[in-house]
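So the structure is just underneath, and the comments pick up after that.
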């Protein structure tokens, strides 16, 4: 484990950003947000960014291919290009875990080149949590927010940041920063971790249990009458899916610029009435089915296809941002018999 | 004469009954105006949806002008009165968003005002040239 | 995918001198959908049109673009060409490369470049065109005239003369309107009754005309050619078919104290009455507000004296429903109320009268049997002051007067002044005027005669106040030319009250979805070119309901309205403009925004049941455009938020495709 | 603190359910915390007693739910409406969005709602939000009790409340308020006073955060189209996600334009925006312009009123004057 | 730059709020004026003379003090021109030009005689309380 005092953190950022693009969470009027480090920005102390870190690997829109129509001939232009290395600093445990969930979708056969390319070039420097919010429930899914992993795992104390490489990629980066950091003992952060763990036990959602859900529970929940009442208040907007670190659905569309056609993909939301619309229409006829889809996907379908791993990381963003405060916790409690 | 002269792209929506005829009259009288002006014929100025105007800017127009019958002379009696309100509000909003107000204009041109049509277009193109390329309402994807 | 043919015209050298037409034809060849492209000297010539026709057949074209002169010149020509070759005539688009290109640009490269872009825009549009067929609707060959004054009478007579049945609906017990109350008419001084009553009789005798007197229109549905109208026939308690108009009842009726509205309340009539001797229909009417029998059940005198047995105290309002192809509004005018003009003491002195009251005082059938007597003491007035523009041209307070000029006052005041001086040379007649407005045939000569031959004192200036004092009316006025204030002791003051549209016009306009101006005059479809038509198709305007006018003008407008009606009714079917609005019922929200902006009232709403995706059904309010009424301005398409409303021939996607092509 | 008590609302709802006036009640349902209230439909007294809440976080406007519920069945539904909600209610009626007879409106006075995101700026790990002596007391996991001034955490729209008077109701609980002299256009004026460059920078910064989640549109009482042009591939402007900064502007300009004369300034768009974009400043600009150009107009103040955008006078100002006038104000 | 006439006119229009262009020269103001015969220039002439900028003449004329400020002309004018306000504005200009009021309200009682109508008293109050 290495350590750097807080007053030297800027130097660390400067050093990293001199070699590759560096993104750190910064405070803005509209909450914390990952921004490219430009030598002046200060790292945010906020628990989490408003949008998740999935944008780094799976951006909201990205161009897949361009067609150029010249008279009556069509020329196809590939747009995939080799990315440069980049470092994302300060990713919380929940978001780190979300990458694993996305990997299982995008890196499975057939591999998504666009995603893989970014994943290969991205180095994740995580940051352990010390002050979880009342909306946090990552522990429900077995995530230890005090041990966020990533390529390098960080712990921030009152005076220093402790860094520990978790992967080879991380070790390589950390080594390159040796001049700025000093050796430290892993025990230096143990007390803080223990303290944080105690806080986690006291969180209002600490008792939330996902065990009722998971692999093979489709029949049990699919026709539950509660979906109707739960979905009643849903407006069908895409806020939850767009702030969610694990939502991975996308749509592919063409845009005619006048001189060429850009085929791009963009995030889609199962809450939308035209989600997976086919010639006969949307297979999910009303908001009840669309609403069910989102939660069944996170809690049942995904685990069924992925060795029981849940498709939710308990980051609490949807709880904070839903316009009418309907969220996965309420769904789990109602259907899973929690409290 | 400037080198690398900026040639703006101007879309002019003209109502069929007055302004389009006014443009024809400008032609009949051989009154020159810049070729950058391209006219789209609509039945009435009230047919012009704000979306058409934004669409033109998106696709690369540097200025959009809307021409209709003089208030009170609308072929459909009241169409241009609605145009006037809609565009007053739309243009005020564009201005509020910081978009150069000289890029949009409404002008009333009757079928007898060929000279006014040509003069209006000359003036409008000149104003747009002085503003330069449309940057604030452009769609980068549409840039060549 | 469309198969589009492009035809570039040289127009001699008109186009070809500044546009490289061959290059244009060549460039457009590679546009999507274009399968044929050529150029020719004169596309509009027979030979040129043959090229188009042959190409349509040979290349199985589904759409054509002609790059030529303005569509205002030859769009119809090429549409006919296309139709002759079996192509829908709305699959033609014109790129205007003459008036809007070759004639306004000087050099060849510029002109050619622009012409190509205009051509591309036309190709982009035509590739989204859909064949359009004009809608047809049948025409009910019957006209309705609302209002039985001289305007309504003349319109009805002219329509009936052309062989079409006409119904006149009149709220009063008799037709005749305001003209029946007049004494003489300017500028020829014919007696109004002498020229009007023969026409009234003609109406009564015309087999094509039905009169619904003492009736009103209560509901209008439908559209041009197909109006469904409900007419309420108010109970007159006298059977029209039995009453002979002998007048026995009106002489014997014991209720004598009913203000006579025909004489503007200056004398009384009975509870059962015939408004005037030449009334049409000449049928008595019982006034339910005054009839003792109807009010208390005791009397029945009229029933006893009626030898025809026409009295029916049990009569009820009846409703008649009828179909019409055209409706003419001829609701006329009224003088405005003088109650608020305290300065002229109208409410204080019976000797301050309006001009219409003065007409009755001069009229042989009036309350004074034609002798000019003061209403207060029935003495002969020696000094008469006429005040013009009372309530007209008055912009300061809307509740008092009208901002417009009432147009007829100058002339009738000159007439009154002249007639007074003619009959009673011993009277002093003063006319206070702001301007004397006499445009019209023989009008100014008429006014000058009043001044020069009859010695009427015309004074430029306005009366400031009238104060009744003893038997006199103290008139204080300014003489602007002499720069003096005048004080006149008058015996009679006559106010030329402004005129306003009849109060029934506003609710009628609502029923007709016809538009009105702020003064409640009906608006014309076009103020210059379509002055007798309302913007609402099938609705026509006759007389003062459209604006102040005198009798000659009213009669000519009535004839014009009639000719428009005849033109409409002589068609068996109405063929509409196919470029009309259309609402996609699946997207329509039924919010009524489109109907709010439609100048023609072409949009109505209906509840329709929709199958929802989850197999339930839902009733939804949706807009329906009446294609026979829609004129295709497209105002509704922008008002519509959801984009449900679109305009055929100028669809959103077509206009956007043009914009895209221009900006490419 | 709300002047009227939860118990009074429950009693009223229970009474209307009991006497058969209505068979459903639209109200607010308690959540996991004190601040995450959800609109819900209640059908029994028990449900109401267990889950109904009425507190400083009951900001949600029920318009969308009223429309949905009124379409559902022939029977009557009851809705609690705050003064600002009643304007939306009337506006929907003006547009024939539901049958007035199917809704029983109980007006409730409102003392302003709190903005939980403002509370979260000063407190983290919130365990409860209560009120003591007119101040907001937030109990937290880390910093104990934090006391906040109510005015500091009041929602923007409530701080600039336009009316405490209900525009519609069948029955009113508590006392009726007044139409207020609101300062709601101050922010718009501030923007108008900026230079065009500053304004452009301001909006570029704000709108660039848009993630096109559609929350603003889906919550908006005026956005009740069967199919939104931005969802309709045939409209030519559909965009599911924003690929270019142009589309952010396009979406927000057109959305604001589509609600011109229909927006009641309920402020829901700004409340729900996950990116805190001050969308109400767009709508208020239109409202301010309408008031300035065509005379005061409040959408939803009465049912059936004709919005200025679908009306005209012959003396209206020209579009060029409209822009000039904006500058004169500056 | 405005010349003196224009400046005076501008000031009169501004202080009176009257638009003389609305006048259609009907003369009803003069027809209704109770003080007509006392005045050298009559209400309608005020309107016209202000319109043409002939304000010096009006200021020199006694007419400005003969107006009773009864506002009959204002009430009766069909075009809402409000001639009395013009008279008042010219009067104020004249007074201000002299740099002082020649009468204070306290001076008035001494000047009253029994035959002075109440209306005049009222107009005097209006005139000199400014």
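Side notes on the structure shown:
For clarity, chains are labelled A, B, C, D and E in written order, and residue numbers in each chain start from 1.
Keep in mind that, in the parts below, contacts are C-beta pairs under 8 Å (C-beta built on N, C-alpha and C of every residue); 3 or more make two chains touch, one makes a residue touch a chain.
The model shown is predicted, which means the values in this text are computed figures rather than measured ones.
Counting only chains that touch, the fewest steps needed to get from chain B to chain E is 2.
By count of C-beta pairs in contact, C-E exceeds the other of the chain pairs C-D and C-E. Ranking all chains by how far their C-alpha centres lie from the centre of chain A, first place goes to E. One simple way to say how far apart two chains are is to compare their mean CA positions; for chain A and chain D this gives 30 Å. Chain A and chain E have Cα centroids separated by 80 Å.
Put simply, the C-alpha centre of chain B and that of chain C have 35 angstrom between them.
Between the CA-based centres of chain A and chain C the separation comes to 68 Å, rounded to the whole angstrom. With touch defined as above, chain E holds no residue shared between interfaces to two or more other chains.
Within chain B, contacts with two or more other chains are made by residues 50-51, 55, 59-60, 72, 78, 82, 86, 139, 141-142.
Within chain A, residues 255, 258-259, 262 each touch two or more of the remaining chains. Here, these are the chain pairs in contact: A-B, A-C, A-D, B-C, B-D, C-D, C-E.
If you check the complex, the residues on chain E that touch chain C are 22, 24-33, 36-37, 42, 44-45, 72, 76-81.
Residues 343, 389, 393-397, 401, 432, 434-435, 460-465, 476-480, 483, 485 of chain C touch chain E in their complex. Those residues of chain B whose C-beta lies close enough to touch chain A in the complex are 59-60, 139, 141-142, 144.
In the complex of the two chains, the chain B residues touching chain C come out as 9, 11, 16, 20-21, 23-28, 30-33, 35, 38-44, 46-52, 55-56, 59-61, 72, 75-79, 82, 86, 118, 142.
Within the complex formed with chain B, the chain C residues making contact are 70-72, 96, 98-101, 103-106, 110-111, 113-114, 117-118, 121, 515, 523, 525-527, 535, 579, 597, 599, 631-635, 637-639, 647, 650, 652, 655-656, 658-660, 662-664.
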